[in-house]
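Paired with subunit B in one complex and with subunit C in the other, subunit A is shared by the two complexes that follow.
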Partner chain A sequence: MKFRALITEVPAMRDFMNIALSLSKFSKECVMRITARRVYFIISEEESGPRRPLVWCELPVNFYFKEYNFVGVTEQHNEIYIEFSTVLFARSLGILKQDVKSFKIKLTNKDSPCLTVEIELTAREIASREVVHDIPIEVISRKHWSDYEEPRFNDFHVSIQMPNLKALKNIVEHMRNMSHSLTVCADKNGRLTLKIKTNVVTLSAHFPDLSVESFAVGQIPVLTDCEEELQQSVHSTVDIKKFVMFLSGLQINNCRTVCSIVHEKMVKLHVEQPGALTIQVFLTELTV
Partner chain B sequence: MLFCAEITDFKIVHNVLRSIAIKDFAILRPMEEGLKVTLDDMKCVETSAYIPCNMFSFYRISEKEDIVLKVSLKTLVEILNIFGDDGNPNLKLTYNSPGSPLCLVMKHKDENITVDCEIRTMNVDETRALSLADECDLNKIVINASILVDLLQRLDNFADEITLTISPDPPYFTLKATGIGGESEVNISKNSESVTVFQCIKTLTSQYSFNLIRQILKVMTYANKVAISTGESGLLGLQLVISSEERHMYVEYYVTSIFIPE
Partner chain C sequence: MDGIIPGANVKVLARAINALAKIGDDLFIEAKKEMLTLTTLNLRKTICVRYHLLNSFFSSYEIDENELTQQSRDISCKIHMKTVLPLLKGGSSREKDFLKLEYENNSDVIIFKMKFKCDDILMKHTLRLMDTESLTVEIKPDAGCNNILASSSFFSQLLTMFSNTDDEITLEVSKEKVAARNYIVGAPVRSKSVRSQVNLNASEFSIFQISCETSINFALRPFRTAIQFAESFNLNIGINFDVGGKPLAVILKNPTFEVNFIIATLNPYSDLQSSMATTSIPTKVSNPKNDDPNITVEDQEALLNVNWSEDFDMSEPTSDKADERSKRSGFQEVVKNKNTEAKVAGKRCKDFSLPVDNLPMEVDHEDMDVLPPSPESPRAKKAKLVFGRCFEPTFSETYLGQVLAPNSDSE
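Entry: the complex of A and B
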């Protein structure tokens, strides 16, 4: 089991830091899955029961790392799964805001297994400095790997482009002060509607004219409502706190975001910077 | 349709309503002259905000009946700010019939976003007929609001009570805060530049809970002028004039005095 990776380009470091920062806003702990071609960060639902991924982040190795040495657990199972604190990780990587020459990340065995971050700062008036952080980790044994399998869904009833996330975030943050749940609706005409309903208030925010990537109306389970317009829309009700957590935690700009809905089952938010990263957030239907 | 109104640029309305929203529910009275929003607390404090009809770009009410409805003010305030600071939306309010919800439709100016919402309304059990303004008919002072806010904030902030004395003789107007920490006192002369009106028939001294007076400070920071009026019963009235781009709205605050045994 071996892992050592080096980043020397500043933009790649910044992106990597922003991902670490986003992860720390999403959850206290995360699982890092290291493979030969990709590095994954996985955040699971905190509730007990079967661990379902909440956030799934995927980074291609060749975009970030100049050097990448990796040997998995066994030849047959050529992967590594480790778990650590996102807060420590984000704090260590916060140094990348400064003028950094190189950034090295590797698995070490000091007193306990660690993810060691070595950052070499650019020399100015003073001599060059190197910062070393050891983040304690827990290695996840192979029998638990299946808990972190990549979620595969292809039965979404609709996939629709998301509007400007900043405006959307403002609205959803105010909605959170009034309600616990959020209904996300989309129709084939490209209208995304976010809706809350409580004893006191019913509120809908409409975002029209978005591009619809796919719409599978025929597969939607029988809808009793006779209004035609309603029949053409897909919706799911999710935990508003998790929705807000995603919007306010995401530290990455200029992304393409797509919202996919399985009718009355789940909402998936998919953020992509082509070639550099994908982040998926899985919000399952809230059961009352 | 009982009531229908439209307004653009209502940031000041949102700010004022937010700073008076100490209780959840408020009574809305759309009247010919404008919209009145009233809250009361334990029958010893009453706050009203008036949004005159000229602040609206469109304003229409049914003349057949009095319109009174009760809504959650916290929810209303939350919704008015739903786009955050950069939304600058326009708002349409409608109220169809007794018992129907208060409907709001807002459009974001720059982004193509529409928000529509329905706030549940409740019946108003009692309608108070007596006018509090008539009770505060004895003495009246009009003073620059920022000066008054400043003075009140500088008084001992841990004080429990505040005593107000208005007198035709010097020192004319006295605010005294009393608490376990001691006393702090400030006098304002009627000849002060900040005092524009000073009408005093006889000396009146009343004591109020400082906590209740502090409630109004938040909204007073938006005001230009404050009229302080008192009456024989000890009721204190504060009328605030809040100006924004040559449009005015008003806030009225009434608070009962603490009973002092002789």
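Entry: the complex of A and C
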């Protein structure tokens, strides 16, 4: 079991640092799955039932790492799963804000398994400064790997592009003060609606003219009101805190976000930087 | 002693007192002929911080020469940090024109007069002092053989590599390099913290003179406080140290004031304990006023010689059974036993003796020596004599006379 990777380009380092920072805002712990071609960061739901991913982040190796040496647990199962604290990870990578010559990340065993981060800083003098951080990790044994299976939800009723996340964030953060649950609604015409309902007020934010990627009309249960057939929409009610966590935690700019909804079952947010990064956030329907 | 600090330096004093407050609870103020020194020590006497405010720091500094010629070469007083801190905590919004310190020797109070720029307000604070004690710090800050100097921004950048939760730092110093770690190589790993190491070259420092290579471990908190203070005034930070185990001094110099942070250290590879220093800085606190005018010398001697046990009657000696019971620790539950009770009734305080506890220490058989329990202080022994009655079973028949009804519950 071996893992050693090197980043030398500054933009790649900054992106990697931003991803670590986003992860630390999503959750306190995460699982890193290392394979030959991709690196995954998985954050699970807190419930102690069958583990379902809350956040699934995929990074293609060749985009970030200049050098990548990897040997999995066995030949048949050529992967490594480790778990660590996202806060410590993000803090250790915080130095990447400065002028860094090279950034190496590797698995080591210094009295206990660690993820070692070696950063070489460019100093003004000839000799450069080195910083080494050993982050304590826990290696996840093969019998638990099935807890972290790749989610394959493809039957969405609608997939719609999301508007500017910053605008959304402001609105939803204010909504959070008023209600625990948020209804995400999308219709055929490219209108995304976020609704909350309390005893006193119903508040909805409408974002029209968004591009609809797919809309599966036939599968939605028929609505009773005939007028609404023209404006058939798909909606699902989710926990507003998790929605806000995603919006405010994401530290990555210029990415494309798609919102997919399964009617009254689930909302999935898919963030993509083509070729560089995909993050999927799964929010299941609130059972009230 | 009278000193007037101009407006610009009041900010320095305020930051200085804030930094001192982070370390210790009591502030020693010593006025010498050429400077005013503010000193504090932490509880365990492992950190000593001294601010020397030179003559040039003040716009006017007067000290009564006559007071100085007595036994001590300075006028000194001691004050609670909590008394002084609120005065100077205000932000820069309350700009001061000047601050005047007034202190008469042997007085109970020290006066702080502050004149504010806005509306010409003059505030006079009369602060009560603690019992006068004079402090002698027996360490020279530049006694060590190793010296390094660098700017405050360099050190504060170094601190960012470490986490705020780190308590200690170990520097492994050689002639060309220094490795700074927040852990000790070979010590058991703490599973929840990141272990960080920063390798620095001699060329990154302004001065890097190492005569003896060493590993030195010391607390990070006072170091951080020093660096924060230095950064706010853009001072260079000099570190003077010897080998691990000898104190380390962080020296900040300015034309009008000088700051020394003296921190106890240890060598993590040769000392047994792997945690912070029990080596304390040799300081001497003496109370120059030993005579309290209310008690004469004869009274004091009499107090010391009092035999407290004379207050209690003497009769029967204790029985064996009572001895056996008293051998257990005095705080255990009392077992009601009618037979022994009658014998205990006649027990006398004088013969009552509490056993010395065998301290239930967890002994790490591998490296720690078993420390013998400390001998009982005479004060503790006296307390046990005086309060001996409290360690006995609460009810004792003969003191109260005849029994009217038997006990309804057994305790």
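Everything below uses one rule, namely that the second predicted complex is superposed on the first by the 277 of 288 C-alpha atoms of A that agree within 3 Å, B and C clash if a C-alpha of one lies under 4 Å from a C-alpha of the other, contacts with A are read in each partner's own complex, and residues count from 1 in each chain.
To be clear about the criterion, contacts are C-beta pairs under 8 Å (C-beta built on N, C-alpha and C of every residue); 3 or more make two chains touch, one makes a residue touch a chain.
Model, not experiment: these values are computed from the prediction.
With both complexes brought onto subunit A, simultaneous placement of subunit B and subunit C is permitted, the two fitting side by side without a clash.
Shared-chain residue A:Lys241: touches no atom of subunit B or subunit C.
Contact with subunit C, but none with subunit B, is seen for A:Ser112 once the two complexes are overlaid on the shared chain.
In the superposed model, A:Asn170 makes contact with subunit B only, not with subunit C.
Look at A:Pro136: by the touch rule set out above, it reaches subunit C but stays clear of subunit B. Judged by the touch definition given at the top, the superposed model places A:His180 against neither subunit B nor subunit C.
Angle at subunit A (Cα centre) between the Cα centres of subunit B and subunit C in the superposed arrangement: 70°, in steps of 10.
In the superposed pair of complexes, A:Ser204 makes contact with subunit B only, with no contact to subunit C. By the touch criterion defined above, A:Arg256 reaches neither subunit B nor subunit C. Once chain A of one complex is fitted onto chain A of the other, the partner contacts of A:Ser85 are limited to subunit C, with no touch recorded for subunit B. After superposing the two complexes on their shared chain, the closest approach between C-alpha atoms of subunit B and subunit C is 11 Å.
Residue overlap on subunit A between its contacts with subunit B in one complex and with subunit C in the other: absent. Subunit C meets subunit A in the complex at residues 160-161, 163, 188-189, 191-201, 203-204. The residues of subunit A lying in touch with subunit C in their complex are 85, 88, 91-92, 94-95, 110-112, 114, 123, 125-127, 129-136.
Interface residues of subunit B, counted against subunit A in their complex, comprise 72, 75, 78-79, 81-84, 87, 101, 108, 111-120. Across the complex, subunit B is touched by residues 163-164, 167, 170-171, 173-175, 177-178, 199-209 of subunit A.
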